[in-house]
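Across the two complexes that follow, chain A remains constant while its partner is chain B and subsequently chain C.
Let's look at the complex of A and B:
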């Protein structure tokens, strides 16, 4: 067991806040768990050295931090600084409530994969529970800010319950100043005929360690549209789990990663088709430059009863340097016979025909390459349903992209 | 010694003239293709193509499938995999075949594709601006501001009957066949090339769409600008009147004439070409 985990357990053991019982199960599991190594399948390409070496501390007092502004949007802000909830939105629209809850477990997820889910269970101090009442559509976007000051450690957990026929738009925004460490998990239950428009932005400084995930449970005819955009860092790991628990549910996940320097980005996307007639579409695209490393694992598990499932998974990658590395692995486990399921993973080169086409218009080869590489990810930005978010993130991605190109 | 030198030069000049009987003065030629041989994947496609085009002329190249019509455009524009084995091609006296693809475009060559490629994620407007900027830079002109460019891009849209909203979409993304062709013509209008090669721009178009495309092309005809209209069928030439019509078969021009030749071909088809053995076959 790592020293880092021992310290985390010691801290959890020492917390006396009246919720010891709620933490007990996870704490017991954590004490027994094997610290992941290269032999642990779920962490094969993502060494935990950055966690082991992290000097991030739990701060007694944190500076005041403000989340980044997005032109044209006023969010309902739910803000954590260094793991502590510092602000709840004022004047909540009718039908939306936010309460604090003592503890919650990541019960449906395999503990081995989610050693950090367990860490989060025992160390997340403030667990916020967001509820949208039945049939209510919340137009204003709710933003969950996970802000970390320099060198801080923080663990956050948010639970979102969207009742039948309701709809909600959520932005998860992580901003770490540097040398910080966080685990951040969100759990969504999307009720019957309810919809969730979801974003997770992890565009923070490179020397952060950020581990976390999103857990989506979809009931009958529920709909999810999620966009995840991440830069790499010392260690950036996101686990998404989409559970189709009710028939005719529909999930769309687009993810983009853009890596530079020695950054590491790891996305594990798991989809469980437990019932018939559900659809999943996942488009994951990444660009790895310099000596960065991208890890993608896309698992789709179609259970025996999940007939008439439609599932598509596509992961495309561009390598911009000889030293960059991409480890991609789609995994299909299909136990039903009447399903349509497609997957593909490629490490692509730039489309030669498109390159030639641009050049015949006088665009230089190097600029054409740049336009096409950016276009490759911009295509997914174009698909983001809230245009203001797309317009905000596009120049950020473009800037990083042109910096990568210069090297 | 002097005399010997003189006679060598005279002989050279004579040879040039013999190889190039139609073109008396090189200065007045925009495009000059001489004995061009080219291959794709080691298969010879062009087998001695000769063609001279003066400013302002419209040349139609017709011929059966597989004759090398599209290859001509690809070779001139410098597509990867299209190898020039021998011969030359100059644009305004400059050696085209030595240039990079983008430099040929900047020198004034434009190829309107038979199948324009879709590029999702790259907006049409951004692409057009970058292309026009590159063209202007090559001509020593200043780049346009975004507002200036948007204005001329909107005008160009109108000219080819494309909704302005198409500027915001990905390049050719989800465009119908006709819309793609109109987008090609719009690019031509914006880039103001010296020589336009239209590669089967009529294919897949109905009469109305063809008329829009032809009007776009005709609006761009000028004493300085030349066109090569590559087509399998005569009907496009009812709308874009050519000065010369060439029949390309088995990699070389086998017959040239005026617009009436196109009518003749329409009546006869191309079967008469296959009836006569080609020179290569005779040599074999």
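Let's look at the complex of A and C:
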């Protein structure tokens, strides 16, 4: 067991807030858990040295931080700074409620298998519960900000319950300053015929540790459209779980990762088809430059009775430098016969012929490279349903590309 | 009713019979003394014994792997007998006439081309009956070409330098649990050496059989293709029906030196256990080849047997421009579990690999593809293409894909594709409309599904493989 985990357990043990009983199960599991190593399948390519080395502390007092502005959009802001909730949106639209749980709420959606999920269970101080009443469509976007000051440690948990026929748009925004560490988990229950438009942006500083996940449970005819965009950092790990718990549910996940320097980014996407007649479409694209490392694991699990499932996963990667590394593992686990399932994964560099073509038209080599890699990613950005967000993120990604040194 | 079922079961496994050959068998159990005895019986040199003992010590430190998608009751390694030799081997037969007629009849029942069939089939057979090679044919013709094809125990005496140089060079002792066990207790297997620039004049073939009850079968095969040579090697297995699980942990090492080519084909039909999964062979095999510059290794396998299969024929593409291929058909039914695939390790420049894997699951079986494609930093311009297709027959089976793709060179291109589907209603409808009965239709569709792999097999093998699939699929439709 690592020293870091021991400290986390010690801290959790010392918390006295009347929720000790709720915390007990996770704490017991955590005390028993083996610290992941290279031999732990879920952490095979992702060393935890950055966590072990982290000196991030729980701050008594945090500075005031403001989340980044997005032109043309007014969010309902739910803001955490260093793991503490600092602001709740005022004037909530009708049908939307946000309540605070003083301590961890041990929901059913997040799987228990994850060591940092358990850490989050016992250390998340403020747990926000967002509820959308039956049949209500919330037009304004709700933004969950996870802000961390320099050298701080914070753990946040948000639970979102979208009742039958309702709809919600959520942006999860993480902004961590240097040398910080966070675990951030959100759990969504999408009710019958309800819809969720979801974004998770992890565009933070290079020298922090961010581990977290989004867990979605879809009831009958529910629909999910999720976009994840991440830059790497010392350690950036996102686990998404999509659970089809009701028939005719539909899930779409688009994810992009762009890595530079010595960054590490690890995305684990797990889809559980527990019932028949559901569909899943996943498009994951990544670019790794300099001496970065990208890890992707995409698992689709079709249970025994989940007939008539349609599930597709496509993972395409560009490797930009001979020191970078991409590890991908698309997995299918299928126990039903009347299903259509496919996955594909590719790793390659930018097409030399396309590069040459652009150069013959007078485009400089670096400009051509930028155009081609941007085109590779832009296809997914174009699919983002809220155009303002796409407009906002595009220049950020373009900047990222121009910084990336291409050899 | 039960009678009918019994009859049907008896018919399904054609090779299921026990031949009454007396054997000399060690008591079950494994310790250093057992290893010393094996080495003594084989009359091995001192260094070989040391090598085995070292492997045994390594093995004791290791843990049985649990990452494969299979489950089986814990194996008691002390309940296995580690040596068994047909008795009539004691005074080494000089020709076929001296061979125990019971043995010969066993081979004939299996349709192994030994006596008259030898010439017709043009195959040299090194038949392994339990643990000792009984008879080796066509030796002289091969000798003319300079090809060495003999039991590995014999090679240890005749060509100790070659064996010492290459044994364990591809699959090191510490490689994995089952390989370490094999290193410690292997009894026999085939040794092949093809000299420089030689094209082996015929296809080499080994038939394995597990015969003695409770006897672990630990084969060790070593094939060395010297510079510019070519060899095609066939391995086929059938085993008699048994009630107790039998352990099989073989190691196959291939060395393809510069410009050499090795084609290794397997049809595996160990006893899969009854419909409830009782009995049946545990097949934990380590197969790996090293390709030097411009060399090529091609693995083709048709897996229809065994209760549990754990097998990953791999290629280490060490030399520039070397090529690795893996073509596989794995069919599981009843309660069979197969976790099979390949590893392609690209080290040299411009190395190429192709993986075509076809998995068919029926009954209550589970069939997994597990593969690794790794592009090392030096694998400039390397290329891989992987295609894994799964076919499900019935709603009680499982088909799984676990591919690992790792790239550390930007100029390398890796492509992986996988699909899963069932025999489509349209296809079935079309066949039935033309008067083809459903069972035959499924067999036709499955054969078509596997065509890409079958065409890689040598002709006789392809026919046998097709027939094997047909027999195996009997009763899985409806």
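One rule holds for everything that comes next: the second predicted complex is superposed on the first by the 375 of 407 C-alpha atoms of A that agree within 3 Å, B and C clash if a C-alpha of one lies under 4 Å from a C-alpha of the other, contacts with A are read in each partner's own complex, and residues count from 1 in each chain.
Operating definition for what follows: contacts are C-beta pairs under 8 Å (C-beta built on N, C-alpha and C of every residue); 3 or more make two chains touch, one makes a residue touch a chain.
Only a predicted model underlies this, so the values are computations on that prediction, with no experimental measurement involved.
Visitor: Taking the superposition on A as described, I'd like to know which of chain B and chain C A:21 touches: first, second, both or neither.
Guide: neither
Visitor: Given the touch rule stated above, what does A:32 touch, chain B (first), chain C (second), both, or neither?
Guide: A:32 sits against neither chain B nor chain C.
Visitor: Answer with first, second, both or neither: which of chain B and chain C does A:60 touch in the superposed model?
Guide: So A:60 meets neither chain B nor chain C here.
Visitor: Looking at the overlay, does A:322 come into contact with chain B only (first), chain C only (second), both, or neither?
Guide: second
Visitor: If you tally the residues of chain A touched by each partner, is the higher count for chain B or for chain C?
Guide: The larger set of chain A residues in touch belongs to C.
Visitor: Scan A:3 for contacts with chain B and chain C and give back first, second, both or neither.
Guide: A:3 contacts neither chain B nor chain C.
Visitor: May I ask you to decide whether A:139 touches chain B, chain C, both, or neither, giving the answer as first, second, both or neither?
Guide: Neither partner.
Visitor: Contacts for A:378 in the overlay, against chain B (first) and chain C (second): which applies, first, second, both or neither?
Guide: Only chain B is touched by A:378; chain C is not.
Visitor: For the complex, which residues does chain A have touching chain C?
Guide: Touching chain C from chain A are residues 41, 45, 304, 307, 317, 319-349.
Visitor: Of all residues in chain C, which touch chain A in the complex?
Guide: The contact residues of chain C facing chain A are 67, 69, 375, 377, 390, 392-422.
Visitor: Looking at the complex, which residues from chain B come into contact with chain A?
Guide: 77-80, 100-102, 104-106, 110-111, 113, 116-117, 119-122, 126-127, 130-131, 134-135, 138, 170, 187, 191
Visitor: List the residues on chain A that touch chain B in their complex, please.
Guide: 351-354, 356-365, 367-368, 371-372, 374-380, 382
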